[in-house]
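In the two complexes that follow, chain A is the common piece, with chain B as its partner first and chain C second.
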Partner chain A sequence: MANSLRLYLTCIRSTLEAAMCLQNFPCQEVERHNKPEVELQTSPELLLNPVLICRNEAEKCLIETSINSLRISLKVKQADELENILTKKFLRFLSMRAEAFQVLRRKPVQGYDISFLITNYHCEEMQKHKLIDFIVQFMEDIDKEISELKMSVNTRGRLVAAEFLKQFI
Partner chain B sequence: MAAISVHRFALCITCHSWSPDRSMVAFCPNSNEVHIYRLSEDKWERAYVLQKHDQIVSGIDWSARSNRIVTVSHDRNSYVWNLEGSEWVPTLVILRLNHAALCVQWSPQENKFAVGSGAKTVCICYYELENNWWVSKLIRKRHNSSVTSVAWHPNNILLATTSTVGKCRVFSTFIKGVDTRDSDAGASADAKFGEQILQLDLSYSWAFGVKWSPRGNTLAYVGHNSMIYFVDDVGPSPLAQNVLLCGLPLRDVLFISERMAVGVGFDCNPMVFAADESGIWNFIKFLGERKTSSFSGPKYGSQFSEAFGKFYGQSRQGTSNNGVPQVISLLTMIECCTSCIVSLEESGSSSTRRFSTSGVDGNIVIWDLENSEDLLEFL
Partner chain C sequence: MSGKEGFVEADNAEAIITRIEHKSRKIEALLKQSKPVEALKTALEGSPPNTRDERCKSANWIAVHRAIMAIRDLDGLFASLDPEYYDILMKYLYRGLSTGDRPTCDQCLRIHERLTERAGLGCIVRCLADTINTV
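== the complex of A and B ==
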């Protein structure tokens, strides 16, 4: 199982290395503006083909590139209802603080759990391979975080129930 | 091994250009200013700052004979700067663009310059003495997307352009009153202004960095699909070749001689291409230090095996927050994408030995091919 995670992440990493070739590009539609073309989607010649990398039905990653920006959307594995709720709450917590992360998008793309938006300005300020390391590390950590949260919820529930039922002994 | 000096000027450099005597360099530090630095006794000091644009300056060209600087910017404006005394004085250019300007180049005789823009047009500007300004003629037809790069043919009339649709086009830019018809220029001299001589549909991704060879026989441009295209005999029946790169796409290319070209791009390592006696272009080597990985060897050029090498290193050393130690060796003297390559030789010479590159990491690196014996045969 760990093997397929490694392969999944390696595939994403090499796709990102090819996709993160961004450059400054002024908007073709509005003068004096500079917008991320992947969000604008008005000029089809500036967009590249989106790449969808699926680990299984539940986990996938969509990478959409354009000439000056890149959007990465992740769908995280959610095995049961509890993980569903935990994932939603945890990722919503992160997305609300998107400014602190800089590359995070405030709302995930439709059909996915969390999205990143990387523009050429991010590539100029930060190093490209560090950005890719961050995304891949994030994907690894997300699974660990969700299972830790689930375990702590279960543990807490067990403790609370044990305390409550003690009064009936 | 061929780089002779590296200078870090700013956080990020958009474009640069050298003065005619190669003692001063003008560049844009990713802002709306143009900084000119002078080399005096091995130290670079800031000589002038040109501040007139409102947005980032996307193109700078310093003419060799008339010592004029032309700058274009994303704010749709362009200025021609003349050195009067100790100050650079801007002259107005009537560009008539309604979107950002992306690139600029002086023509070989320096009486015109071409500007490529996001308004899907190319402006050819020439000087009008009566009003002391530069007026433009627009090539409005044909382009249906931003023009990313322009290049003049040595005959001062033909102009090659590349755009984000992947097409490379050659136009005639004959302007009455500015150009004279040469009898030896051939059929291309009879074309009207704005007439398209040739359209090349070779790349299915964005095209950048078009350049003519020193005598004007060959045209080269790069596509974002990691290919570089060489076109010989530009005319009614061109001969095109493409060379597939094993790494990330290139951004710009420079002809060292008629048979050798250097490309720079997202791989941060200049690549040398040369044509053999039969005219077939091939990739020769990288100029900078190669990236090291646990699977070293030229046959493992694909990105997948590079990433695989990182994974192996990671499992050996355990996961660490700052990544694999081999990643550190990726950082040679150039850390980021190189976006601009400029010749350091006198203009009009048929071969170049020295050139400089600038990129997103803010470094200007000067390269010299003097000591590369294996490349000298192509000069």
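== the complex of A and C ==
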């Protein structure tokens, strides 16, 4: 179980190291514009093959890369309805504060829970291997966070129910 | 003219699919003799290079998938597999990882880790960058 998580993260890490080869590339269609090509997808010669890495039916990671930008979309494991709601709310909370994260995308790609957009400017300002460490660390921590949230919701629910039902004893 | 090319493509596709079926029978035979590495080599060589036909690609993928799932001993695999097969194997591994089926993904992740150690990041980059010969 832990081994399969380790293999999944290793695979994503090596794919990211290979895919994060970004350089500045001004827009070909419009003068003096510089847009992340992976978002526009207008010129096929600027895009590389997108790669989908699945750990199982529930968890997957889509890595799309282009000449000046890279988009990573994650789908997090959601075992039941409660985890579904918690994940949605928690990741929405993070996405709304995308400015602070810099590499986070405000809306996840269709079919995924959260997306990152890394451009050549990020690679120039920040170190490539640190960016990759951040993404992999994020993936490890998200599972722990959601379990913690779920446990605290269950604990609180149990306490409230116990208190409320005491009056009927 | 383009109609004629379409016709040639279809003929070629039939020929390729027949070849793939021959290959599958050979692979089954090799697997029965417990030679998974040989089976994988047979599956990987003659991968349809330039055909756009989805059926050929799917047919070849099924054969390669069968060979990949039969592999148990990874050290033995990399000891005997020639480096020229690393790139094409990596492409098929990514195709396996995109299926989402748990045992396939487990096996592909295991082989991917070892293959990256052997072949390096260049193998992955070639896999991402090759938009012409996709599997």
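Here is the rule we go by: the second predicted complex is superposed on the first by the 169 of 169 C-alpha atoms of A that agree within 3 Å, B and C clash if a C-alpha of one lies under 4 Å from a C-alpha of the other, contacts with A are read in each partner's own complex, and residues count from 1 in each chain.
As a working rule, a contact is a pair of C-beta atoms (placed from the backbone, for glycine too) under 8 Å apart; a residue touches a chain by one contact, two chains touch by 3 or more.
Given the structure is predicted, the values throughout are model-derived calculations rather than measurements.
Asks: After superposition on the shared chain, which partner residues are touched by A:167: those of chain B (first), chain C (second), both, or neither?
Replies: neither
Asks: In the superposed arrangement, does A:24 touch chain B (first), chain C (second), both or neither?
Replies: first
Asks: Quick one: chain B or chain C, who's touching more of chain A?
Replies: Higher number of touched chain A residues: B.
Asks: Just checking: does A:110 make contact with chain B only, chain C only, both, or neither of them? Give me first, second, both or neither.
Replies: A:110: touches no partner chain.
Asks: Report for A:48: first if it touches chain B alone, second if chain C alone, otherwise both or neither.
Replies: both
Asks: So in the superposed three-chain picture, is A:8 touching just chain B, just chain C, both, or none of them (first/second/both/neither)?
Replies: Touch partner of A:8: chain C, not chain B.
Asks: A:56 contacts which: chain B (first), chain C (second), both, neither?
Replies: Touch partner of A:56: chain C, not chain B.
Asks: In the superposed view, which residues of chain A touch chain B and also chain C?
Replies: 10, 14, 17-18, 21, 48
Asks: Spell out the residues on chain A that touch chain C in their complex, using ranges where they run on.
Replies: Within the complex, chain A contacts chain C at residues 4, 7-8, 10-11, 14-15, 17-19, 21, 44, 47-49, 51-57, 60, 65.
Asks: Could you list, by residue number, the parts of chain B that touch chain A in their complex?
Replies: Those residues of chain B that touch chain A are 11-12, 14, 30, 54-56, 58, 74-76, 98-100, 102, 118-120, 145-146, 164-166, 205-206, 224, 248-249, 251, 265-266, 303-304, 306-308, 310-311, 321-323, 327, 330, 335-337, 339, 360.
Asks: What part of chain C is in contact with chain A in the complex they form?
Replies: Contacts found on chain C: 94, 97-102, 105-106, 109-110, 112-113, 116, 121-122, 124-125, 127-131, 134.
Asks: Along chain A, where are the residues that touch chain B in the complex?
Replies: Interface residues on chain A, with respect to chain B: 6, 10, 13-14, 17-18, 21, 23-28, 31-32, 34, 43, 45-46, 48, 67, 123-125, 127-130, 133, 137.
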